[in-house]
Each structure stands twice: as structure tokens, then as C-alpha cells.
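Please read through the structure below; I'll follow up with questions.
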């Protein structure tokens, strides 16, 4: 375990509209507002999306199993924004349900909002965090450099 | 995408008890404390509830598909509170599980808490947001009027 | 319904690493940083965990139904930290998915992180809350003592 202590800074209440691409819009927001570290929650619906629903086998680096859908699903999600190579990178886990079918995984790549997705982005202030690629593990874990003592 | 920038204001740590109606209690809280804009997270269990688990077809206005249960389910949820016609309106997406059965959707109307639901309500300060009915789309999207610049 | 009004205090951005025990690490964090009341959100993956996926029957005290897994699942969760008998107690509801299988329940006891779990812990400031065992109900509901008026 590693951690950094900070405070909540700016909070963005975001409405992403029918037809928009969810992750693309979040990246646009992060770039426009120069958000470097944040956690967010969301609720809404998606017409199309792709989720990684676990690794084929429980070993690293993981070989992802994909699930995609192209009819409207209700969603809820928790995610974060950190810089990787100077650019905002979104990490988002979501549950997606339609009738009896529910999937849960890591939402990546293109998606299309159905009606609306509401997102609440909490900027993390007073920490310095970056994602740095780890080829061996097969992902880019977030690392911290404490830049201020808030106590 | 539209968004408003604010800060977290008051935070309400709420215990909703066995037999209570979840959404009704949240509306009571919002009215009593004059909460106009908020996001919340919850965890607990429900004995009864109804969820919209997607539209019948992927078109707007949507024809909702309902799923109801009347035995105890574990829940987690993410929601928000905004005023619509001057009254607090709850939008809540939740996952509900019991054994092998999991549903995910938009929790609406009457429900009954089983044992307890714990809710954490974060007031959104410095923004002006309202839900305004859009007949064509078939729902009331949240709209913003920026009332202060917090930077 | 009972509730307490406070503010967000310190925020901990936490990376829990491959092989770590999720709840144990959160307890360590709470003890080290003297966190008495907090809410948290998490996303990541677990190699092993056990969830209570509801009561056998919808009555109190509940007889828990357990679901355990020992292959990697994607997770998202919402939880809280309050003191019980002077020690931090974790209450965590999570959804866990692998391919077509999704479970949702109360994550308890030992678990093992797969790759990473990212946790965002929001300290609740200005409230006094404790869990106190209620033998009849079969759990320890959180109770409040308002210690300051923040308005």
C-alpha cells in the first residue's frame, strides 16, 4: 500500500449528453480544466460500450476478456483521472445492466451515451500523482510524491 | 457536455433504518436541510424496491422496463439531488444483489429498508443547477447556471 | 433516519498492491492516520474474496449467505470506516464481476488484491459517530453525537 494525503479541490458537476462518447468527454474536461488528479462517480445510461470483465487467467500481465454491448444499459461507475506521460488518463469501473443481464468491469475505449450520464468529478488537491507504465505487471500503476503536508 | 464548477459544502452522514422508505427519507432530508444540489453514495440492504433496468428499445422517449423485488437484497448506489419545480428530486442508480441474482438500474418510487442503509450526501456548493422537463427526450436533464467563479 | 452534519476533511488516495489484503490494509491506514469516520470508494480487482450476498430469509437477525471466489474479479465498491469499541471497523459493499458472472454484497474478512485496488478515502470532519453492537438486530448500527454546528 502506498498513499498520499490531500484535500478535495474543485468539484465538477457534469452532464454528458445523448450520443456523446463518455471517456472522450471526460478527457476533454480534464484537459480544459487542467485536472491532474481526481476521483469521480457517475450514473446514467450507455447505448454502446466495451468493458474488460476480468483476465482470462488470474496471472499478470493479464490477457483481458472483453464484453461489448450495443443496446441501452443503465450504468453506475467509479473512476479516477491521473496524468500518464503528461496526459489525463481515465480509469473507470462500471456496472452495466439491462433487464436480467448485468456486467461489471473496466470501461475502456469508445462508448455512446444514451439519454444522459451525470458525472461528479472531485479534484484531489495537495497531492502529486502520476501513472507510470510497468511493462512487467502489464499496466500503469499510480505513484505518489507528497508535495505538501496538510495536517 | 455541460458542466458547472463548485466545491463540496456540507456533508450529511445518514443512517436510514429498518422499515423506512429510502427515497422518501432522502427527500425529507433535502427539504429539512434545504439541500439544492448534492451527490450521494449509499450501501445497505433493501427488503423491497423497484428498479428501471433499461428501456424496452434503445430509443427516446424510453419505455421503461421494471424489475421489482420483495425479499432482502444487498445494495450499493450512487445518486444525486437537484431541484425540479422547486422540489428536491432524487436520481439514484443502484446495484441490488441476492445470492446469484444481481440487477442494476434506476431505483424509483417506494422501497423498504432492510436493517440499514448508510448514505453519504455531499452538498454541491457554488453552482446553480435545476432539472427541467424535456418532453421530447422523456426526462428532466439537469441544467446549470454558473453563479460564482471559484478559481 | 438519523444523521450528522459535517465536512470533508483529509482525503487519502490509496494504491493497494497485488497480493495485499484489502480490508486489512484499510484498517492499517485508519489506525496509522487515526481516521475515525470516513466514506470511501474503490475500483480494481481481487483474486480472492468473500461476500455476504444477502440473508437466507428476510428477517433479523439475518443468517448470512456467503459467496466466495478465488479467481480474479473486477470490482467496484463503496464503504465506510467508523470506530467500534475504539477500533476502526470497515463496512464495504462491492460488486465483483468476471465474464458473465456478477455478484454484489458485503465484502468481509480476508481477500487478496489482483494487480491493484485504488481507494479514495474521504474523512468526515465535524461529526462524532460510533458503531454500537445491537444484539437483537444482529449488527452494529452507526450512531451519532453532533459535536459541532458547522452552519
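Going by the order they are written in, the chains are A, B and C; count residues from 1 in each one.
As a working rule, a contact is a pair of C-beta atoms (placed from the backbone, for glycine too) under 8 Å apart; a residue touches a chain by one contact, two chains touch by 3 or more.
Keep in mind that what you see is a predicted model, and the values were worked out from it rather than measured.
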Homomeric contact chain A-chain B: same or different residue positions, threshold half = different
Between 0 and 180 degrees, and as a multiple of 5, what angle does the rotation take that fits chain B onto chain C by Cα atoms?
-> 120
Between the Cα centroids of chain A and chain B the separation in whole angstrom comes to 21
Multi-chain contact sites of chain B, meaning residues that touch two or more partners = 8, 41, 77-78, 95, 102, 122
Flag every residue of chain B that touches chain C in the complex, lowest number first.
-> 8, 10-18, 20, 25, 28-29, 33, 41-45, 47, 71-78, 95-100, 102, 114-116, 118, 120, 122
Which residues, counting only chain B, touch chain A once they are in their complex?
-> 1-8, 37, 39, 41, 52-55, 58, 60, 62, 65, 67, 77-80, 91-95, 102-106, 122, 124, 127, 129, 137-139, 141-144, 150-151
